[in-house]
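One structure, as structure tokens, below. Some questions next.
To keep things simple, chains are lettered A, B, C, D, E and F as they appear, and every chain counts its residues starting from 1.
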Amino acid sequence: MSEIRHIKPAGEAIFKDRFTTKAKELLHPWSEGEKGKFGLVGLPHSKPSISHSGASLAPNAIRHAMLSYSTFSGEAERELTDRILDFGDVYMDPTDIIGNHHRLYEALSDVYHTEAAENWILLGGDHSVSYASIKAISEMHGSIGIIQFDAHHDLRNTEDGGPTNGTPFRRLLEDNIITGDQLVQIGIRDFTNAKAYHEYAKEQDIQVYTMADVKETGMRKILQHQVERLKQTFDSIYVSVDMDVLDQAFAPGCPAIGPGGMDSYTLLEGIHYLAACKEVKAMDIVEIDPTVDIRNMTSRVAAYVILQFMKGKS
Amino acid sequence: MSEIRHIKPAGEAIFKDRFTTKAKELLHPWSEGEKGKFGLVGLPHSKPSISHSGASLAPNAIRHAMLSYSTFSGEAERELTDRILDFGDVYMDPTDIIGNHHRLYEALSDVYHTEAAENWILLGGDHSVSYASIKAISEMHGSIGIIQFDAHHDLRNTEDGGPTNGTPFRRLLEDNIITGDQLVQIGIRDFTNAKAYHEYAKEQDIQVYTMADVKETGMRKILQHQVERLKQTFDSIYVSVDMDVLDQAFAPGCPAIGPGGMDSYTLLEGIHYLAACKEVKAMDIVEIDPTVDIRNMTSRVAAYVILQFMKGKS
Amino acid sequence: MSEIRHIKPAGEAIFKDRFTTKAKELLHPWSEGEKGKFGLVGLPHSKPSISHSGASLAPNAIRHAMLSYSTFSGEAERELTDRILDFGDVYMDPTDIIGNHHRLYEALSDVYHTEAAENWILLGGDHSVSYASIKAISEMHGSIGIIQFDAHHDLRNTEDGGPTNGTPFRRLLEDNIITGDQLVQIGIRDFTNAKAYHEYAKEQDIQVYTMADVKETGMRKILQHQVERLKQTFDSIYVSVDMDVLDQAFAPGCPAIGPGGMDSYTLLEGIHYLAACKEVKAMDIVEIDPTVDIRNMTSRVAAYVILQFMKGKS
Amino acid sequence: MSEIRHIKPAGEAIFKDRFTTKAKELLHPWSEGEKGKFGLVGLPHSKPSISHSGASLAPNAIRHAMLSYSTFSGEAERELTDRILDFGDVYMDPTDIIGNHHRLYEALSDVYHTEAAENWILLGGDHSVSYASIKAISEMHGSIGIIQFDAHHDLRNTEDGGPTNGTPFRRLLEDNIITGDQLVQIGIRDFTNAKAYHEYAKEQDIQVYTMADVKETGMRKILQHQVERLKQTFDSIYVSVDMDVLDQAFAPGCPAIGPGGMDSYTLLEGIHYLAACKEVKAMDIVEIDPTVDIRNMTSRVAAYVILQFMKGKS
Amino acid sequence: MSEIRHIKPAGEAIFKDRFTTKAKELLHPWSEGEKGKFGLVGLPHSKPSISHSGASLAPNAIRHAMLSYSTFSGEAERELTDRILDFGDVYMDPTDIIGNHHRLYEALSDVYHTEAAENWILLGGDHSVSYASIKAISEMHGSIGIIQFDAHHDLRNTEDGGPTNGTPFRRLLEDNIITGDQLVQIGIRDFTNAKAYHEYAKEQDIQVYTMADVKETGMRKILQHQVERLKQTFDSIYVSVDMDVLDQAFAPGCPAIGPGGMDSYTLLEGIHYLAACKEVKAMDIVEIDPTVDIRNMTSRVAAYVILQFMKGKS
Amino acid sequence: MSEIRHIKPAGEAIFKDRFTTKAKELLHPWSEGEKGKFGLVGLPHSKPSISHSGASLAPNAIRHAMLSYSTFSGEAERELTDRILDFGDVYMDPTDIIGNHHRLYEALSDVYHTEAAENWILLGGDHSVSYASIKAISEMHGSIGIIQFDAHHDLRNTEDGGPTNGTPFRRLLEDNIITGDQLVQIGIRDFTNAKAYHEYAKEQDIQVYTMADVKETGMRKILQHQVERLKQTFDSIYVSVDMDVLDQAFAPGCPAIGPGGMDSYTLLEGIHYLAACKEVKAMDIVEIDPTVDIRNMTSRVAAYVILQFMKGKS
């Protein structure tokens, strides 16, 4: 187009500072055979949600939010230069929900078996997607430790409503993919879970930290203790970030919002700490519904979580 | 509670003009054995939708919108006094979409077989619910005529994505529940349907009226002609109102909005005309997503459509 | 309705986890003669507000928000099982504001005299409702201590504009229902009150804690000191929660929002502490306008305040 | 401020095309003794409304919307040059609603007795303000004809809830300020009024035109007939524009919105026709709630109604 | 990626009906040397606007809205198959507005000189972009006729504020690029233009049709007459669509919205008629601000205008 | 207007508590020759912004937000009584951006040379306005220290896009108006700046504090240290508050929002501390876009910042 002056391709950001790399530029469609430090897969599944959820729109909202960030951490004086190999989104059939759970599992199995990436970033979707992801990764790597940030246990019985976003960890336990001591839950909130599931968590020996525990003990100390414990048994740790662990002021775009939650600074610190552990090899981010979000604030937090994760790994 | 002054039950409208009946007061939970002129069922199914839809929230949004209306038509000088027997909503499993289609069919079969009502009002949900409703009513009454108000043919192939909101009439044809000449489509819009489905409609001998036809020929004349034709073969006529037949200015809360559509006055006139035909025995209203609506405008149109229907029957 | 399959009553939440009790299920309409631990009354009065306010819609918004919570506190390992006896809302005449103040007083007098509940929860409405409530309760129990969370003194003169939401505590003082030393104000904010009322507060010996005091001294320590002081003179303590004590980030739906306020965690801790004192027998929650709220966040905080209150009492 | 370059007074529109007069510039605060063609008074009263209403904010919203218009009609090739003498807003006490009705009456009596303007424009507020306005003007000018554009009769009984926005014309009749034949109601909508009030209108010999009448007979013909009839008995005609006569697509900011109403072009034509009658001497515009409006669309219609009125008078 | 199951490229619409072509798929980035029936250029310039405008975001919003449409017209029984060669957007410097006007002119000169397309579609931006476009096309084709749909004359003097969106046609006249008889203005609205510019239009012999003219004479008849007249002198006709010619109910996302405008059906008919004239060779669409639009309604109208234009040319 | 009862001038707040002074009442249009403690100028320039910004609307939004505050600090037990001399807004040409930068500089030079105020408050606009302000004040007072609260360095190269809101401090350095050691940047955020500018900052010896530094070291300690350092060399300190230094939960109305930022309490404390230093003589507040703000929250923070500044000076 050399002879036409001033024209740029449609849809691309028209202003370009020559010294700035946008974090989104790190995303590259994966081509067969390629290997790298980070791989990313979108899991746009939210029809299993108990309440109406548009979380299927989150993977693109989060990718788009990465446009708002640069690749440079001044605090660490480090430039992120590793590409994120973007495997795209798993295809979701409009009407076959159970089939979609299986599709997620098959797709992620194939993805993980490519061994294309050292670290995986999975973008939900609602929390039901973690079942497929953890099942696939466990078959690949053997038993793993799991650190779940969440206001909820997600241990509901599966007879009422099937494999919803309230059941992923229950199903992992019932299908013997994990045992309770593999699972750490941080940020569990009062009046947000039924007694039966609190007791189930205790019976199963799940390690539970309420918001009061986080306030009293501190995020750093909890993570140190639990990572140490998990490392003794497991080679890999999987981090599952349900964004509703944050207070509604900091994550207004989750389906289940409420007060008394975590602030975003504390979560970001936690992610940074975890990423610095070499055992942490995968992280999912779930339960963001862009259709009810305000100025995409919650997707922006998610993009920042990804960058903290990458900073910890650099 | 007689000795406490000024207290009213919580949640009820606190102001009451003694001479005004709200249209919503016509709704009464049905009790076994009861019979009446109107029966209503909520079909809160929208997970089959191709694009993200909250139409499952519409049945209650529409019931609630009936609170905004009185029971009196000044134009007809007639008071609506017949109760609407409210059968409630069909239970939808959070994860079993195909099972939900079957549940809709079973529930509506049972409902229609009660013969509790002379006329039925069905509140979607997305347009996929019409399949179950028309199948159930056809088994009960034999072949019926169908008048569908819609910007879309809803004749998509069923291999791509299963029984979505784009396929109900295709599935009725392929399952031999109806033949094409039973179906009249009014308000079909340019650049809103694929050529393949336009041609399929012609092959199947479906009677199609575009928005241009509505503008040129007039709603009244189209309906006179088609009702006359259908009456010669069928005892019953079923009306299916996809609210996106309206222009986006009049129905801002449909998932698929656009310009160049019908104004609400024309639709309301059409419904009134049809209701006055004794062969018209059921009407569904679909494709309203309260989560994207503006001041519940689209649910208000739906409530008004119900009242026009009842006025025509009185 | 046994022979019809899959049908549920209209408008009720269709998904039900058999092990979860929603906090809203604790609400039961009071029947004469019933007694219990908690009683609740809605005070939907906001026409006295100086600026345009929809706080009259808050009682139902808060009741509705209780649907988002369960009845179980994992932190206290305690299930809330006590019913909340719901006395409904006080009838408000559309045009007779002064009469409405009187109606509130009469209704609450009658309510308190039923002695149906050990603890009372009152849902405004704007802050003007506290006058009626405190007057009625004082006549019943004798002098009481009052702990008011608020950004404002609410001690405006009553000549300018009558008994508005800016005057309840002034009127209580002028009508000799309380003296200043009975009243503790916490969270008073800079540039949010006139000098005249600051000085009036000092003259009347009201105990005032600004936001700076809360930051420096800490909520817990302030409450310990003041509860101790009040207990020496009064048998009962009344808590009045004006939600605008919170920073606008945490309570975006108050009429008078602003920066520099309390975070919700601090308020929730305070309520929990107070509820654990047996002298605290009533609490009102006021100044939430659901028409300007964002995703009902502020009503959600209110529902959580109620649950903390109940947890403290269990 | 001559030596400082580029500074303009704060808050004034900074761009100025030297050839354009904004319609708002026609507004001038009235000074005692001044006379002119148009007088305007704001009546910011909406606390009498049955449902929650922010119509008290409309007078300024409408004045502000006049900033969007020029003073020139290309269709009439006429420049509006007459000042609008702005008398300001009537003071409304925050808590004394009945007193406010009286204040409106006293203020408007005083205003009309100044004889400062040939034509009066009154900006509500809810429809309850018309009572005071018509009472005051009738005492001044003797019996008058009234043309009311409205979806509602506004003839509710006054025992239920006092002098609300549903009762102004009932109260005028019961207080013998008008008789039914003085009143013409245009745009009355189905299912929006109780039967009792339809019958009351007939008994009182009020001239009622439904939306169906408007569609069939045409606005122009209705007005010709009724103006002719009213002129034979009355020297003055008063026009009362309840903006909810418009369909919700055209007036999204009224408290009581709905489908099946008038389009704005038809209303504007009607106002222009009426203004051209010399007997028409006053017009009120009511029931706009800027807090629920979308991009001030409804206030923009109101400003346009004022300009059509002035064009008709020029 | 063949061995990984179910994965689709990120960000692409995941559901695909094999028989449906989305209108957006007709857009193809232009490569040097390519020729075709339609060329499209984005002109993202809105900083010249008198009032704050985000119209620079419209080219992509309109392209995106084409995703909502298919390529098939049932009314014409015609499939659109011609590609739209998308030249991208002209680069706009963040601070050099006058330079940007020049850049638009240079870029469009170059674009038009490629002779790559038979028909051009230009997407603003605000109306100031039409100056550059018409200047460039006139230099290429000689004098042309112009049909402008607009509520405004856009003939403001250029001393006050420079080359804003209020001046494009004035500047074309003053720079002798066109004479007044070349210009037809349709939809000019009362109280939306200054008298001085009405008179300037008359002096310059511009053909002006107000909204009243459109209502009385009809769109079709106006266009027939003017196209006939223009064809006698000019080989080419340029259509300029300022979306604010529509009533605010139909185009809520224009910076200058108001009542009393055109409905979308009338505009779409007009565009279809014009496109069928072989002399019409270019069309711009301007004054859509996606940041204030509601559900992208106004961009959807624009996309539909493009499709009507293409249908007329097929 | 003495003989008309109840009438108030249009547009003024109708309710008035006789003891309350609104902070906005401190604003008085400056008249030549007047002197005082505070002067204020609006700098409504946002067209230089890299991304679409409505910050030009902020000066009036902030002035308006001062209506929400009183003049009294209970914490300091001090009434603000000093007038703010309001110089109005600098005139901005709609199309001449570079000229506008120059206009800002000329206007502020003139303003500062009046020596009318001891302390200056400047309301942007985007951050590009600080260049003109600091240039003008430096020419007046000699070299000054600058404390910038910001998530960004604002040190972009000026070849790409000219003098945007990303370049003011770069341009001050390149034009030798300041040297790097004069500049302190507080609140710089990770992944929000390019590496090149981090390094440029270090080379230039700019004092940079990241958000992690603020969390670890504390605002108070950072300011003590830097103010001490600056005082040794410079007589004057200029404070530049880019509101996006706050977390998106606290300042939702900035163009560039994100998580991990400062809370409003910390910023307000910092401003109060700085204002108490006599060397601090001017403060600008920039990067608030009222068109994307939520309930004017961000403008409310700005108004509060002004009051803290004044409190520190009293």
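Quick note on the criterion: contacts are C-beta pairs under 8 Å (C-beta built on N, C-alpha and C of every residue); 3 or more make two chains touch, one makes a residue touch a chain.
Quick caveat: nothing in here was measured; it's all calculated off a predicted structure.
Common neighbours of chain D and chain F, listed by label, are C, E. With centres taken as mean Cα positions, chain D sits 38 Å from chain B. Chain A and chain B have CA centres that are 40 Å apart. For the pair chain B and chain F, the distance between C-alpha centroids works out to 56 Å. Among the residues of chain E, those in touch with two or more other chains are 15, 50, 94, 161, 249, 292, 294. Viewed as a network of touching protein chains, the structure does not reduce to a path, ring, star or complete graph. Chain E contributes residues 47-50, 52, 54, 56-57, 93-98, 161-164, 291-292 to its touches with chain F in the complex. Residues 15-21, 23, 68-77, 79, 249-250, 264-265, 268, 294-295, 297, 300-301, 304, 307-308, 311 of chain A touch chain F in their complex. Chain C makes touch with chain F in their complex at residues 50-51, 156-157, 159-161, 166, 188-198, 208, 210-212, 215, 247-249, 252, 256-260, 292, 294. The touching residues of chain F, when paired with chain D in their complex, are 1-11, 14-15, 27, 29-32, 41-42, 44, 59-60, 63, 86-92, 94, 103-104, 106-107, 110-111, 114.
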